[in-house]
């Protein structure tokens, strides 16, 4: 069950709000301090990616982030309504970045997330992409 | 148009998350620094009240908070699904607090909000209560 | 930020030094502390709020509850607070008329009923 | 926290001292700065990241874009970073193989192509 859900317009400024919430909700859920940095970065990447994908396709719907602590796991989902980017490996992305002046290399985000998060699930359908990331909780949650 | 929406289970711990978001989103929307404290307190009161009302009636639905900056105004709504408390004035509430051991004097919250916020609208219907609070923005918003 | 609580006695007064945030989440801890003190016979309380960063209405409710409780034993509950943003909350709720509010612990301890 | 940028030259090197957060929100500012430098003929850049608190993939993208740009002029882009949590991001993306990363500005300035 999601205990906190955040919806925000697809603009970069709100990505920082999402990061801030990720670290405070994570801490409060009992996330080990050594993981907080990682969670903040991964959630930030997922949100930046969602904002980038939606802006690239002019989609104005809100990005939806949920935070849940469940049976020893802290689970975060980030859902967008943009068309998923093609899978790409980092070498290609680094090449692609050559010509980038105005647009951001969206594919980087997923690559960073994949490097950071062991328990990662990315599902895309016609409506958009959901990035689901889980981290273990060491201590029992103080909220529910 | 709400630019940030937060939903959380009706537990006290999340009230702090809502407060933190209120001050960061408010700042980012261009709220004058002198108002940030007031906004944080008022949003915290409204959320604490919503959590209290729902817990008193065993309602497990999520509390919904929206933040929007619109035409020079920072507007926050807090919606619960509990039965609204009877209107009460502070003198009564202070008396009522005499017997309080386990329950909290929910009515205090609205009284504090009313004292803090000039532009306040409280609407209750069968489904719950919506507290709507507005503050003026002095500078144009940096997000949208 | 969490709530911190320390108590000490000066004569027949018990001073409760509160720090951090008194909110819907931490107020139960303060309520318990006040109840414990009254149960153990401390009826003249001074609550030092100089290190309180945040106070909401649930915190006010706990203080009012404490006041009622000590008054049932002919006791007193005095507050120490000079922070404008905290004082404002007492003012807008009319509680400045209910609580004696002092500028220092010494002043509160010296006050007579 | 916002991004801060300062530049200075040492010989033919231009040092860009970056502070704060390089993220989706602030990265455009850094990109502009790098483009401006290259346009004005600064092709040997040293980006000092010791005061960077946060770096995300959009920041990486801007750095890679800068590297491509200076290389088009036979230039170089060297990073200064000893912070483990920032280095980790370069490592997991394989960018440690793309950027020369130094432990100090002096070391970066002294390095030859």
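Think of it as A, B, C and D in the order they're written, each chain with its own count starting at 1.
Quick note on the criterion: contacts are C-beta pairs under 8 Å (C-beta built on N, C-alpha and C of every residue); 3 or more make two chains touch, one makes a residue touch a chain.
Model, not experiment: these values are computed from the prediction.
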Taking contact as defined at the start, I'd like the list of chains shared as neighbours by chain B and chain D. A
For the chains other than chain A, what are the connected groups under the touch definition? B, C | D
Furthest chain, CA centroid comparison against chain B: D
In whole angstrom, the CA-centroid distance of chain A from chain B equals 28
Chain A to chain D, mean C-alpha position gap in Å, rounds to 25
Express in whole angstrom the distance between the two chain centres, defined as the mean CA positions of chain C and chain D. 54
Just give me the whole-number Å value for how far the CA centre of chain A lies from that of chain C. 44
Two or more other chains in contact with one residue: find those residues in chain A. 13, 16
Please list all residues of chain C that touch 2 or more other chains. none
Touching pairs of chains in this structure are A-B, A-D, B-C
Within their complex, chain B touches chain C through residues 12-13, 15-16, 37, 41, 44-45, 48-49, 51-52, 90-91, 94, 97-98, 100-101, 104-105, 108-109, 111-112, 115-116
Could you pull out which chain B residues touch chain A in their complex? 1-9, 11, 13-14, 16-17, 20-21, 24-25, 28, 62, 142-144
Of all residues in chain C, those that touch chain B in their complex: 21, 23-25, 27, 31, 35, 54, 56-58, 60-61, 64-65, 68, 85, 89, 92-95, 98
